[in-house]
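So, here's a batch of structures to check.
Presented sequentially are two complexes of subunit A, the first with subunit B as partner and the second with subunit C.
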Partner chain A sequence: MRIKKKNQRFHWFMLLPACLFLVVFLLAPLVMMFVLSFRDVDSMMNTLQSYSLSQYLHVFTTDAYVKAIGSTVWVALQTTVICLLMAYPAAYVLVKAPHPRLRAFFYILLVSPLLTSVVIRTFAWIVLLSQNGLINGMLIDLHLIEKPLSMLWNMNAVIIAYVQVMLPFAVLPIATSLTDMDRHLRPASMSLGAGRIRTFFHVTLPLTIPGMITGAIIVFSLAAGSYITPLLVGGRMQPLLPLSIYQQVMQVYNLPLAAAMSFTLLICVLAVVSLLSYLLKRWEARMHA
Partner chain B sequence: MRKKSISDRLLSVLIWTAGSLVYLFLTVPVLVIVLSAFSPNAFPEFPPTSFSVRWFHEVVSNPEWMESLRISVILLLIVTPLTVLLGTMASYALARLSFKGKEAVQAFILSPLMIPQVVLGIAMLYLFTAMGFTGSLWALVIGHVIIGFPYVVRTVGVSVSNLDPRLELASMNLGAGPIRTFFRVTLPLIKPGIIAGGVFSAVTSFGEISISLFVSSPQTITIPVRTFNYIEQTFDPSVNAISVIFIIISIIALLIIEKTIGLSKVM
Partner chain C sequence: MSGINLEHISQHFGEQIALDDVSLTVKEGEFFSLLGPSGCGKSTLLNIIGGFLEPTKGVVYIGDQDVTTLPPYQRKTGMVFQSYALFPHLTVFDNVAYGLKVQKKKKAEIKQKVMESLSLVQLESFAKRMPHQLSGGQQQRVAIARALAIQPAVLLLDEPLSNLDAKLRKNMQTELRNIQRNVGITTILVTHDQEEALSLSDRIGILGEGKIQQIGTPLEVYRQPNNRFVAEFIGQVNLFEAEYDEVTSTYTVPHFIQSNGKQVQLKVAAFKEKSEKHLLMLRPERIKLSSVGEEVQPNHVTGVLADVSYIGHSLRLVVGLNQGEIIVHASDAAFPELPQVGETVHIHWQPEDIVFLDSKVHA
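Right, the complex of A and B next:
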């Protein structure tokens, strides 16, 4: 028992530095920002000492910002759904790869983008989609079009780039739940006479729902909170909350408004993530019942 | 086993085609970058007509890129040991402790991955302005540690969960204290997870942009921040050459992770 106590003290001591670091450099600034979001500003964007709800009122009464909140959530949802639809066959192929070498190859294709900077991966889409980019060049060479199409600087470009940047985060959890799925369940269902399609909808799909929800949580929160990709392929004017926050901080210098927008964004993301986590728990409880 | 019917076979072909197309979609942008980097023209063409290393030469002979490279490397050399230290300790402690509210602490430690990046960025900016840190390299160091160390927590977590706790008990029954046991028994056994986590956080630091863009100053422009500025302001094809360097680094990192704890276990 003495050993156990001594051990515990040692383990608590090891947990301490990371927690302290996060409290000082993550929790403290978030709390400071929360306080800041209730401050007023004067016409020169100086922060005043008084507190009010004016920044939040400003966010929720300005049409452009309300629209930005809606389209941020909408774009993130579209990205999530497209990612899941594309991730499913990719995960299936990864898990069912007949040769370990092929599986390793698929893994490399999946993980290497995650290790490459987002700037670089987004830049590739500029090269592909721009007016004198590859796709336009090929279409003109094939005489399918005469003038280059403008494919950049709109929301579709943002969604395409998002999907490519975030797809691996959706594939990996689905692949994990496909692997974990009892390998005997599928043959069992088929030997009882169910066809492949019925087996898929009644056995495989329900058992991989947790993997899909886990993937959806990651993809949604990344897509709702990024500003680099929309800035580069969508342009500064897209109605997205992260872009408005970036502008308030870097150009308008209205920090309290940026703080209020940040908490609005944080709450939107948390709401969707909590809903998905709740669904995940309910589904798992049902599966194990 | 039932004999495969024609419709079953058709379904298989369909799934494999769809799956392969998705992998192609993931890979195409990388191929495009490599293609453009070795093309002598400012705009990429397909199929490529000629080969040149002109853009690589331009990067190497540009003092701005070299200065950014210096800063990014210094940053990585400070950030990686810090993330490894903090992450390994936290991950090991979490695996061994059991207490009420452990899940909450775990969620708190992994939270930097879930908080919107733009929010994280301005929170850092605000903190460092309040502390009078803006423009110093330390602002970048702290931002990168926050982003990087959850990865170490994860990879080390994989190694710790594979570790038999009885080995540690045996060591302690033989009279070694918890500290000595940790360094002599635990540490050598979880080394693969630590190496993989270190590589992960080094690569993350090298490519980090969301926080860096907010807290970097003209004296501390990292490679991704400079790349971002080049892309936003001009169409400079030397960015292609930079990208190829990034891709090569990510492949090396991948090989190290695969050799240490295996790719399939990291994510």
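Right, the complex of A and C next:
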């Protein structure tokens, strides 16, 4: 018993560096921001010592910000759905690759974009999507269009760039849950008379729900929180909360308002993520003890 | 309900030949086992019958129908897998109902058939449970009920009992056999467990190196194995090479010396064709121990006890011979006290206990 206790103490000790790091660089800033979000500012944007709900009132009574909350969630949801739809077939091909080496190659192919920075990949989209960019140039050369389409500086560009950046995060969990499936379940379904399509919708799809939910959680939180991508391909005028926060911090210098917006965004993301985790837990409780 | 007919089935995986010209017929209502060591091709053969694999060559008939190119969902085969393969997201009821729902049966009919199937395996009261709430044996029974619910023409069992512990496995064997008899369904069981195959089957097909080595009733394959492979795979066996002696017209084995020091002249029941050497088989339980110097018995051999293991119901004795050794299984009841290693022992057996084998494996 004593040895076990000693062991446990040792385990805690091993966790200490990571915990310390998180406390200093995540928890402490969050607490500071939380406190900051209740401060008032004067007309010169100096932070005052008094506390009130004025910043949150400001967020929820300004039409532009309320709209930004809505469209941030909406864009993140669209990105999530598109990512899942595109990730599923990719994950399927990945898992069903006939040779382990081919599978490894697919994995490398999938993860390799993550080795370049998001900024560089987003710039690539500017090259592709701009008025005199590659895609417009090609479409004009093929005489499919006469005037270049405006594909950049709008929400669609943001969603396209998001999907490209976040797709691997959706593919990997789906691939994992496909791999975890008992390999006899599909044959079992077919031996009971179900064709491939029925087997997919009644066996494979339900059993990969955990992977899809995990992927959705990652993609949604990334999409709702990023500001570089919308800044570069969407332009700074898009009604997205991260962009507003960026403006408040870098241009207006109203830090309490930025903090209040950050917490509003955090709560929106947490709400969606907790709903998804709850669904995941319910589903797993049904299948396992 | 129908029989199964396999004609000249071959299966190649690239260079590797998994099955080589396998033909066999399973009669309607028969319980047939495919027995063999792992990698012998037995599961491959079952997958071919189930439609999960298209053979490189050959034809599969279920009843009168050529099903060689039909996908699994168009064959009337119920399959039970080693891992049970119950759908973990469905209740026991929905698992059993799965195939019936595919057939678009009416709700009331589905309910009736599911409950019938579940009562067959005595699990009616478990209909609302999820698979993870059942024990291994119960999951196995649900898998059987699920396969039977669609009233398949044949039932295919892929090592269904190998994940169960020894005692439960014995119970399930009996239950499986009873269910099969009650339903009267043609059944093919794939197993590497010889005892399971012997106790359950009407007939057994022994597969080795991609070929059928022997097909026969449990009694035939145990008592009259075709070749060395079958003899060694089923049960324990003593194998000796015998030479034919032209002068005395008898067989001798260099290992066998009588108590008077002379070479034993074997008395055999059935002569193989004369000439050359022959492989002969002696089952350990056929060999009897006798008291000292009793040379009235035919096939009387003297040796020294090299090892004794006590297994409860029997004793496993290793008797050192002139050359090599012979294994003897003796009943526990025959020994008030255990014999000691180093004792001189006399063994003998009846002429009909000697079985001649083909030394070659069918390859």
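A few comments on the model shown:
To be clear about the criterion, the second predicted complex is superposed on the first by the 279 of 289 C-alpha atoms of A that agree within 3 Å, B and C clash if a C-alpha of one lies under 4 Å from a C-alpha of the other, contacts with A are read in each partner's own complex, and residues count from 1 in each chain.
One rule holds in what follows: contacts are C-beta pairs under 8 Å (C-beta built on N, C-alpha and C of every residue); 3 or more make two chains touch, one makes a residue touch a chain.
All values reported here derive from a predicted model rather than from experimental measurement.
In the superposition on chain A, A:Pro206 contacts subunit C only, with no contact to subunit B. Subunit A has more of its residues touched by B than by the other of subunit B and subunit C. In the superposed model, A:Gly235 lies in contact with neither subunit B nor subunit C. Looking at the shared chain after the overlay, A:Gln8 reaches subunit B, while subunit C stays out of its contact range. Of the two partner chains, neither subunit B nor subunit C is touched by A:Pro148.
Of the two partner chains placed by the overlay, subunit B and subunit C both lie in contact with A:Ser191. By the touch criterion stated above, A:Leu265 is placed in contact with subunit B alone, subunit C being left untouched. When the shared chain is aligned, subunit B comes close enough to touch A:Pro168, but subunit C does not. On subunit A, the patch touched by subunit B and the patch touched by subunit C overlap at residues 187, 190-191, 195. Against subunit A, in their complex, subunit B makes its touches with residues 1-2, 8, 11, 15-16, 18-20, 22-23, 25-30, 32-33, 36, 43-46, 85-87, 89-90, 92-94, 96-97, 105, 108-109, 111-112, 114-127, 130, 142, 145-146, 149, 153, 172, 177-179, 182, 200, 203, 206-210, 213-214, 224, 227-228, 231-232, 235, 239-240, 242-243, 246-247, 249-251, 253-254, 257-258, 263-264, 266-267. Listing the residues of subunit A that touch subunit C in their complex gives 182, 184-185, 187-195, 198, 202-203, 206-207, 283, 286-289.
For subunit A in complex with subunit B, the residues that touch the partner chain are 3, 6-8, 10-12, 14-15, 17-19, 21-22, 25-26, 28-30, 32-33, 36, 86-87, 89-90, 92-94, 104, 106-121, 123-128, 130, 132-134, 137-138, 164, 167-168, 172, 187, 190-191, 195-197, 221-222, 224-228, 231-232, 242, 245-246, 249, 255, 258-259, 262, 265-266, 269, 273. Those residues of subunit C lying in contact with subunit A across their complex are 50-52, 71-73, 77-79, 81-83, 85, 87-89, 98-99, 102-103, 130, 132-133, 146-147, 150, 156.
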